[in-house]
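Look for chain A in each of the two complexes below; its partner is chain B in the first and chain C in the second.
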Partner chain A sequence: MRAAVAADQFYQETRDLRVTGFLLFMVSDLVLFSSFIFAYLYLRNTGQGWPPPGAPHLNLALAALNSVALFGSGATIHFALENWKHEKFMKFAGWMLATIMLGIMFLSGQGIEYYSLYTVDHASWAGSGVFGASFFTLTGMHGLHVFAGIIYLTVLLLQAAQGKYTFKYYTGLTLGTLYWHFVDVIWVVLFSIFYLI
Partner chain B sequence: MEHFAIVERSAAVFFGMLVFIAAAVALKNDWKATGVENQVFKLMLALLAFGALLGIFAGLGIIGKA
Partner chain C sequence: MAVTAPQPGGIADHIHPEPQGFIRKYVFSIDHKIIGIQYIVTSFVFMILGGLLAELIRIQLMNANGGFMTPDTYNEVYTIHGSTMVWLVIVPMVTGGFGNFVFPLQIGARDVAFPWLNMVSFWMFPPAGLLLYASFLVGAPVAGWTEYPPVSLQGGPGTSMWCVAIFLVGVGTTLTGINFLVTALKMRAPGMTFTRMPLFVWAQFATAPLVMIATTALAAALAALFMERQFGVPFYDPTKGGSPLLWQHMFWFYSHPAVYIMILPVFGIISEIFPTFARKPIFGYKMIAFSSISIALLGFMVWAHHMFTSGLAPFLQLPFMIMTMVIAIPTGIKVFSWLATLWGGKIQYTTAMLFAIAFIATFTLGGISGVFLAAIPFDLWAHGTYFIVAHIHYVLVGGSLTGIFAGMFYWYPKMTGRFMNETLGRWTFWLFVIGLNGTFVPMHWLGLMGMPRRVAEYDPQFQTINQVESLFSFVMTLAILLFFVNALWSIRHGKRAGHNPWHARTLEWQIPSPPPYYNFKHIPTVLANPYAFDEPVPYAGLEDELTDSPAPIPAGAY
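Coming up: the complex of A and B.
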C-alpha cells in the first residue's frame, strides 16, 4: 500500500517534468523547421519573381486531399487518447490504427507527388534550383518526421497492448499524441507556403 | 487526369469538413481542461481546424496556385 502511494507520488512529481522535457524537444524541432522555412521565404522574396522559371508544377488537388488525410489523423489520435482516458482499450486501438493508416496514406500521397515531379517535370532535389531544393528539403524532412511518427505510434500501440501503460499512468501515450499533433501543425505551414501562397 | 483531380478535390472538401467538425468538437470538449499538455493540445486542435479549413478552400479552388 505504502509502495503504491510512493509510486503514485513519484509519477505525479515527474510527470510534468517529462511533459516539459518533451515540449522542449518539440521546440528544438520547431526551431529546425523554422530555420528552413524562413530560408525558403527569404529566397522566395529576394529572387527575381516567384516561382522561378522552370519550377515544377505542384499538384494542388492531391496535396489538398493528402493534407486532409494528415489533419484527419490529428483528430483520430485525439479520439484515441480520449478513449484511453475513458478506459476503452479497443476503441483506443481502433483510433490508433486509423491514425497510423492515415499517416501511411499521407506518405503514399507524398510518394506519388515526388514520383510525378521526378518523371513528368524532371524535378529533383539538386537539379531544380532554389525551388526544388527548398521543396524537397522541407517536405522530405517533414516526411521523415511522419515516418518516425508512424513507427513511434506503432510502438506505443504495441506497448499499450502489452500492458506497459495503465489507465492511470499513460504519459507515453500523451507524448506520442503531442508529437503527432506537432507533425500535423508543421504541415499546415508547409502546405500553405508551397501550395497556397 | 482532370476527372481524377475532381475526385481528389471533392474528397478533400468532404473529409476536410469532417476533420474541421471533429477538431472543433474536440476543442470544445477540452476547453476547460487544465495542465500544460492540455494547453498545447488546445492550440494544436485549433491549428488543425484551421488546416482543415485550408484543405476545404483549396479543394473548392478558392485558394491555391493551381
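Coming up: the complex of A and C.
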C-alpha cells in the first residue's frame, strides 16, 4: 500500500516535470516557426510587390481538403486519449489509427501539391525565388513535423499495445497528444498566411 | 538506518545509484555538478584558443601596414575569435557551467529536471567547437561574428561549417534553458518561495527563457543562411528578391538578448559574492530580482539599435532608442544596490571580492558607452569604429569575464574542496585589471578619432596607440595564464577549504566540498531568504549533512 502511494506521488511529480518541459519545448519550436513566418512576412512586405513574378498558383481546394484532414485528426486524437482515460483500449487504438491515417492523408496531399508545383511549374521550386524559399521551407518544416508525429504516434500505439502504459500512468500518451495538437495549430497559421491572405 | 533511508515518495527522494567507472563518472556523466565542471573546463580550453587568436590580432595591429598576416587571414582570425568568445566561452560558461554546478545546489535539488538531457546538451558543445575550428582548414568565415550577408553568402565552405557549429551549440543551450526553467519552477526545496530564492537562482531563472526563445530564433536564421549557401534557397540575396536586412533582424533578435544571456548570470554571481564578503544582507533583494526579469523582457525589444545605420525607417529608430535607454534603468538599479550592499559592510578583500569590485567599475564603463551608442546621432558617428569594439569588450571582458573569474575564485573551493592560491590570485587580479583597461580604454579614443574596426591595415597616425594596446593585451594574457596555472596547481596543492570557507549562507555551502553525488542526505526546508547575516542560517533538516551518517539509499525503479 505504501509502495503504491509512493509510486503515485513519484508518477505525479515526474508527469508534472515532463509535461512542463514538453510545453517549453513546444514554445521553442513555436519560435522556430515564428522566425520563418516573420521572414516570409518581411520578404512579402518589403519586396517589389507580392506575389513576385513567376510565383505559382497554389491549389487552394487541395489545401483546404488537406486542412480538413489535419483538423479532423486533432479531434480523433482527442477521442483516443479520452477513451484511454475511460479505460477502453480498443476504442483508443481505433481512434489512434484514424489519427495516423489522417496524418498520412495530409502528407500525401502535400506530396501531390509539391509534385505538381515541381513538374507543372518548374520556376516555383525552392531555389527560384523568395516565394518558393518561404513556402517550401515553412510547409516543408511543418511536413517534417507531421512525418515525425506519425512515427511518434505509431510508436506510442505499439507501446500501448505492449502494455507500456497503464490506464493510470500514461504521460507518454499525453505528450504525444500535445505534440499532435501543436502541429495542428501551426498548420492553421501556415494555411492562413499562404492560402488565404 | 531508519533516519537515512529515503522515505519512498516523491521525486526528491528518487536518488540515482552512485555512478561507477571513469566513463560514467566523468565523461558521460548525468550529474549536474560534473556536467557543470565539464562545461567550465571546455569553455576555458576554447578561451585559450580564442585568446590566442586575439593575440594574433594584436600582433598584426602593432604595425599600421600590417604584414604579420594577409588581410584575408586577418578576417578569418577576428571572425573566429568573436564567434569563439561569444558561443564557446561566455555563453556555455555562465549558463551551462556555473548554472549547472551551482543552481541546482542552491535550490536544494538532487539534480536538474532532466539529467540525461543535460548530458546530451553538453555533448553537443565540444564537437561544435571543433567543427568551428576545423573551418580554418577549408577557409574560415570572414564576415565577422555577425556574418552579415551578402559577404557571408560568398566564400568557401567555412561559413557553412560556421552555421552548423553555431546551430549545434544553440540546440545545446536551448535544451539547457528548458531544463533549467523546469528545474527552477518545479524542483525548489520545500519552503523556497520565489522571494526566498538566492539571487544567482533568480539570474538563471531570468536567463533560461531568454536562452530558450532567442537561441531558437538564431537557429532559424542560421538554417536559412545554410540553405541559401548550400542549396541556393533565396532569403538574403537581394538579386533574387531576398533581403540582407532580414538577416540583421533575425540575427540581432537573438544576439541582443544574447548579451543579457552572457551578463545576467554574472549579475547573479556578483550578487552572491557581495553580501558574503561584505558580511551584510544584500541591499534591495527584490529590486535586484525583479530587475533581472525586466532586463530579460526589455532585452527582446531593443534589437534594432544595432541597425541604426542599416537604413531602418525613422519611426522605428526612435522607439528602439528609447527602449535601449530604458534598459539602463534596471541595470543601474543593480549597480546601486551592490554599492549600497558594500556601504558600511565589513569588507573582506579576497580575490573573488576584488574581481567583483572591479566588475562594477569596468562593467559600468561598458554600460555607459552602451547608453552613448543607444543615442542615434552618436551611433551614426561611432558605428563601425573602434568605439564599438571598446564597448563590447568592456561589457564582455570587463563584465562577463571579470565576473567569471570572481565566480571561479568563489566556487572553486566548493568544486574541489581546496582554495585557489590567494597570492597568485592577487597577481592575476592586478595584472588582469591593468591589462584590461590598458587594452580597451584607448579603443574609445581610436574610435572617436575615426579608426574603423575589422581592418588589417590602418592610418599610421593610430600606430602608437595600437602598440600600447597590444602591450597591455600581453599583460592581460599573462594574467589569464597565471589564473590557469593557479587553477591547475590548486587541484592538488591548494589549501584545504572545508565545507564553508567563506561563511556563506546559500544552500550549496551547507554540504561537504565537493558535494556527494546525491547532493543532500535530506532535502532541507527553507525558512527565509539567505541574506540575513545577523541570524542563524534559515534551513531545517541539514543536521546530517556534515556528519558521517550513511548516504541515502538509491531508490529502485518504482
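For the reader, a short list of remarks on this structure follows.
Following the convention adopted for this analysis, the second predicted complex is superposed on the first by the 193 of 197 C-alpha atoms of A that agree within 3 Å, B and C clash if a C-alpha of one lies under 4 Å from a C-alpha of the other, contacts with A are read in each partner's own complex, and residues count from 1 in each chain.
Keep this in mind: a residue touches a chain if its C-beta (ideal position, glycine included) is under 8 Å from a C-beta of that chain, and two chains touch if they have at least 3 such contacts.
Note that this is a predicted model, so its numbers are computed, not measured.
In the superposed model, A:Asp16 lies in contact with both chain B and chain C. Shared-chain residue A:Thr119: touches no atom of chain B or chain C. With both structures placed on the common chain, the touch criterion links A:Ala7 to chain C but leaves chain B unconnected.
Contacts of A:Leu32 after superposition: chain C is touched, whereas chain B is not reached. After overlaying the two complexes on the shared chain, residue contacts for A:Gln48 are found with chain C alone; chain B is out of touch. Of the two partner chains, neither chain B nor chain C is touched by A:Gln162.
Residue contacts after overlaying the shared chain place A:Gly72 against chain B, while chain C stays out of touching range. Under the contact criterion defined above, the residues of chain A that touch both chain B in one complex and chain C in the other are 16, 20.
By the touch rule above, chain A contacts chain B in their complex via residues 16, 19-20, 23, 57-65, 67-69, 71-72, 74-75, 78-79, 82, 174, 177-178, 181-182, 184-185, 187-188, 191-192, 195-197. Against chain C, in their complex, chain A makes its touches with residues 2-3, 5-7, 9-11, 13-14, 16-17, 20-21, 24-25, 27-29, 31-32, 34-36, 38-39, 42-43, 46-48, 52, 126-127, 129-130, 132-134, 136-137. By the touch criterion given at the top, residues 4-6, 8-9, 11-12, 15-16, 18-19, 22-23, 26, 29, 36-37, 40-41, 44-45, 47-48, 50-52, 54-55, 58-59, 63-66 of chain B touch chain A in their complex. Within the complex formed with chain A, the chain C residues making contact are 8-11, 14, 113-114, 174, 178-179, 181-182, 185-187, 212-213, 216-217, 219-221, 224, 227-228, 231-235, 240-243, 245-246, 249-250, 253, 558.
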